[in-house]
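So, here come the structures, one by one.
In what comes next, subunit A is part of two complexes: it sits with subunit B in the first one and with subunit C in the second one.
Our next item is the complex of A and B:
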């Protein structure tokens, strides 16, 4: 609409300095715990580090996808949240650090990297052209370079618009988003196959990339929703946000919760029904040891509870309930990743101790610290985005 | 070319008055069919007659009239079934899912696409009924207590198909009819012939365009959209289960459910686009079914086409990665074996040609988009052919390998299915408003309620 009045009420405010303190404290606690955990049992710590990395990557991927989707579809409701996403998505820069413990314990985590294991297994011998450490490192590096490139470009375009409100940035982001999508699909799949599926190197499932994508989309939405609501409640974002903007976040969480469940059900049902030993062996420890309780909890935590919780229209608009839903969804995704990976480390049954908390604490601390540092003296909304007024006045 | 980023093209071009909209949309139903229409109907009904003849002969002599052999027990019958079910998906996606996403551009095409859904599902439904071989026993597909104590096999996805497709058909039909009620009322008010007036009165259920009617209508529409969304996804998911729950290499793969749904939307959009190109031209609906709308459909085809391409790639990769010799054989055989020609038709039509839609110019050039749409439909038909026939013709026992060739009756029934579908489409065009009159009025520029000086 041409005669849009610019009624944006926004003043740039710095986040409280205690946020940085909190972040650093959590980070230090996480580092100490993670270090202690590593000294006690490096392989176990590496597994935990892997899960945290894949979780952090999920959040980053999810947020990158949300940003890309906004540009691609020309959505307006998410424009006021985009700057938060652009800072929060910086988690993509952090997470590769969590791969270090894994790199130091490749044989312990990825049995295919051990020539002694390969020598005894003719199926794994056939996979060597893909599953070999050299190519594995290359794919890892390539994936992050590509994701960083797109993320950085989106962010740069967006921040440049703050000082130079030119539509060319909107257009260039739009083209970038379309170009990104195939790369995004390929590298999300590669990361899922390499870092989650190949933990059990004989197992395979064609839907696995989509499975990880669905979970990542959820994790990204959860993280964005949580941060946006916390900031908006305290007035760090533009005045008048909420209502239908929140509703859209809630509706997306609801939809993707269903999407994940659909994918997860399809994978499980088809493997269960066909009952082929080369696929079902992956589920055996998850169904015939104490892992079964975690298996039973997965649909509850990642589908049924969030489904009922976000189903109603008012709950999609209520910041309190959305906050709970966002936390639930992120917890659910961590739970899912733990369930995907850990039975490979410990087939005998479920286990849990402070060791399993070390790396998530480290990740949370690092993310808060990073967020507090990068947002210093910065706008938290894309102040001059031409779509911003529409986004703030968004009504269904 | 500079495009204003804020400029959202109006769903309806120009600012026609409400009366003009009424006149325009109801016109095809109120004038006598012209020569062109009669020729079109003659062609489609001839095809239908050909198909019906082939079906009757098949019915009389049995499905030995088809090219199906051992081991290719499923062939054109199931290929056509999956193809037509897939065509139906675009309608529900446009009418329900895009509605939930508040995409206003769906307005001009939703009615037509929904109608096509219903006709496509009807066409699809014929195939499994014939495929069972003894169509007079089809009643047994429905589980009901009986003296013979015979029950259907509840663990078979073929039975789930019966439930999924019949539920989907029912909900689509209700959804479609619901949307038609206000338009039936408009037609009733316009009707000059007594006979027409009575019929439209009955179908309009006493609709008076009152505020209360509209409130109920809106609420009901939203609820039905909410129901239809998981339903449409479930239908093709269950169709994919027909294959994926088996242990046949090339059929059993976990990506099948989302891959089939993406493929269904892909081919469905291609079909809707193809038909709409004619409809908007013949009935001068260019300002209602705009070029922008067609461009958006082409974008969706590009996106879903790439999803399908992703699935092809992933299947191939995992066939190798799995280390299963049978899986590897099947995929190499698909690409380089006896049905390689079908495989490469599929890949080029579904993955390569849609890439032209990256170009804005091609997305907005009607003849080119039409050709690509046709290719997509051909490709998607061949996709099902490749999955079904190539996997079966080279199954576990090399001594029984066989090549499937369709007979005259196979091809006749395939053509007949197009005849049935397009005959129904043509009849629909002449009897019902093909665009939702009520909804179009709501999206004309300037018709939305505004406050604060028209800011929203």
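Our next item is the complex of A and C:
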């Protein structure tokens, strides 16, 4: 135990150049498909772009939160993964690009941006002080500036520590994480309300920010787990990782799966119980058209199957099963976002075609390309972090 | 000196690392019945002792599932089948409303069952004493030392060898643990006078306190605040409403569930013109009518409605119901008689429900037809 504590076996290796090729190929395929789908139906493409953007933002927010949580609580188990998180979280820089199709089709996606709609709708007139286009752009810009600032600062502190192991960076990250938390909460809620809830502008749910946060945490965990396991299996991370480090990731996924279900059910049950027309109308297309099959699948895909799958202790430690769980959880979050947004575009019933696949492919391609470029000639673990030896020899 | 039987050899160590190493060595030496006692949970001990994962989780899982099923089935039966009530316009089997309760019942049953099963099976009740209790060894390991012991029951046990092993591991102290024979003899005897007396005192004190609080204390001021809270009693004056009455009338035009106003009181002819029998004659309604007729009508009117009373002249005999007058009455007219009464016949509206009255009329029609059968009925 104590004898091996200071031996970190790590050699810096470059990811195979194949990764960049794969990323670029997927990116190009995605771009072509997305372009084609935009030409066919710009509004539909904008809706899909919005879902992909919110998914990418979820992954970024989740990872940013995990990094912040690690600094704030002094967690040890996640330290060997932190550098991967810091590179993967760069998805935050990419996602605003996916907002462009939406900005070009504001009236089609956000009906509250259309003065003609507002003039006819008494309820929306009352929401104008918040839901107006100018303020919307300001909030969007502000949210990304704030998130980028904290993310960049964390990353900078962490990378500087590689060459200059000084306690001051640890302390500065810790203070930063404490400052970040309220901003994180506010801007997560704002993004969820602006970009998901206001798609149906008359509808409101006070728990919606938490709902999106729970899903984001899940998506971030899923992405991080997937990438960490794939890298660690091929020996890009420190030797000796696994076991209880994996167990912690799995336990976290399990816990947040439950948390999401709790929040999602709370939202549904309160609306069901109160039975107020101004809240329940949101569920009508989701329960009384062919969307109902997707609604029925949501608890199955996002709660019951992952719950049973990650419940047992061995499944939280086995990299294969964790990989499946991570993919399942990310798919579940995309499914969730699709279910949240798409009935607003197409109230008549469920639909799906290659158009819906274009933007996810684009996002995946962009993320892989970005990850391949930024990790070139870089350490994939925070080599001089004072908590690293403890993190690698982490035992529950 | 007391006769002593060796229970185990134990050793004390000073650091958590040493105890993990000791546990590993004892396990590697092949001992099966050994145990480790530490003042706090030491990370990695399960692995060092090569303990199998506890099976307790499976019990918790099964009982939890059982609790969940019982909760859903119980609520579904109570509110959906046995006593369906409309609550908030929700369906009788209102699954979303059941889920929080199901969750709580699941957690409660799983956790209670886990504790009970752990104590009953894993701790081997009624083993309420243990040889290591009240020993020098236990005093140390519950303070600042880390202890390991090998039981004498182990197949490989040899006191000298175990002692050598402990010494080679660098134990700070080696203590043999003996059974206390007096304890062995008294193990499991819960009927000691002291214990029974203690139980009796607990029962009397807790029961007395409960009684005192609920039946005495709550009637002594200032604990009576529940009784004297501001409220409006029935038929009291109230300044809150414009008419000064504390009671409220039902909203105009509303009718209580299961009750319909009778608008033809004292106007039998009008009832005969306007009321129509809502029931159709079938086995069910005719059976219902016969049952009610036999109970309420037949004592005076007779089983066949011939006016042949069974009351032996204590009341004036009522007329037959087979007269042309009654036969030509509409169902509504007969309904008016049953509801309001006629001559010396009292009102039966409080005894026979409206739908039962209509069923009785159907039965009377059947009797009238049966006693005045036409030629074609006999074919």
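Here are some notes:
The definition used in the following text is that the second predicted complex is superposed on the first by the 391 of 396 C-alpha atoms of A that agree within 3 Å, B and C clash if a C-alpha of one lies under 4 Å from a C-alpha of the other, contacts with A are read in each partner's own complex, and residues count from 1 in each chain.
Heads up, the rule we're going with is that contacts are C-beta pairs under 8 Å (C-beta built on N, C-alpha and C of every residue); 3 or more make two chains touch, one makes a residue touch a chain.
Everything quoted here is computed from the prediction, not taken from an experiment.
In this overlay on subunit A, subunit B clashes with subunit C. Contact with subunit B, but none with subunit C, is seen for A:182 once the two complexes are overlaid on the shared chain.
After superposition on the shared chain, subunit A has more residues touched by B, the comparison being subunit B against subunit C.
Using the contact criterion defined above for the overlaid structures, shared-chain residue A:206 touches subunit B, although it does not reach subunit C.
Of the two partner chains placed by the overlay, neither subunit B nor subunit C lies in contact with A:348.
When the two complexes are overlaid on their common chain A, residue A:396 makes contact with subunit B and with subunit C alike. Superposing on chain A, the segment of subunit B with clashing C-alpha atoms against subunit C, chosen from 7-15, 25-33, 61-69 or 295-303, turns out to be 61-69. Subunit A residues 1-2, 269, 273, 275, 395-396 lie at the interface with subunit B in one structure and with subunit C in the other. If you check the complex, the residues on subunit B that touch subunit A are 3-6, 8, 100, 102, 230, 233, 237, 241, 244-247, 252-258, 303, 306, 310-311, 314-315, 318, 321-324, 358, 453-456. Chain contact summary for the complex, subunit A toward subunit C: residues 1-2, 265, 268-269, 272-273, 275, 313, 395-396.
Those residues of subunit C whose C-beta lies close enough to touch subunit A in the complex are 17, 20, 43-44, 53, 88-90, 96-97, 99-100. Touching subunit B in their complex are the following residues of subunit A: 1-5, 74, 123-124, 126-127, 130, 167, 170-171, 178, 181-182, 185, 189, 193, 202, 204-210, 251, 258, 262-263, 266-267, 269-271, 273-276, 278, 386-387, 390, 393, 395-396.
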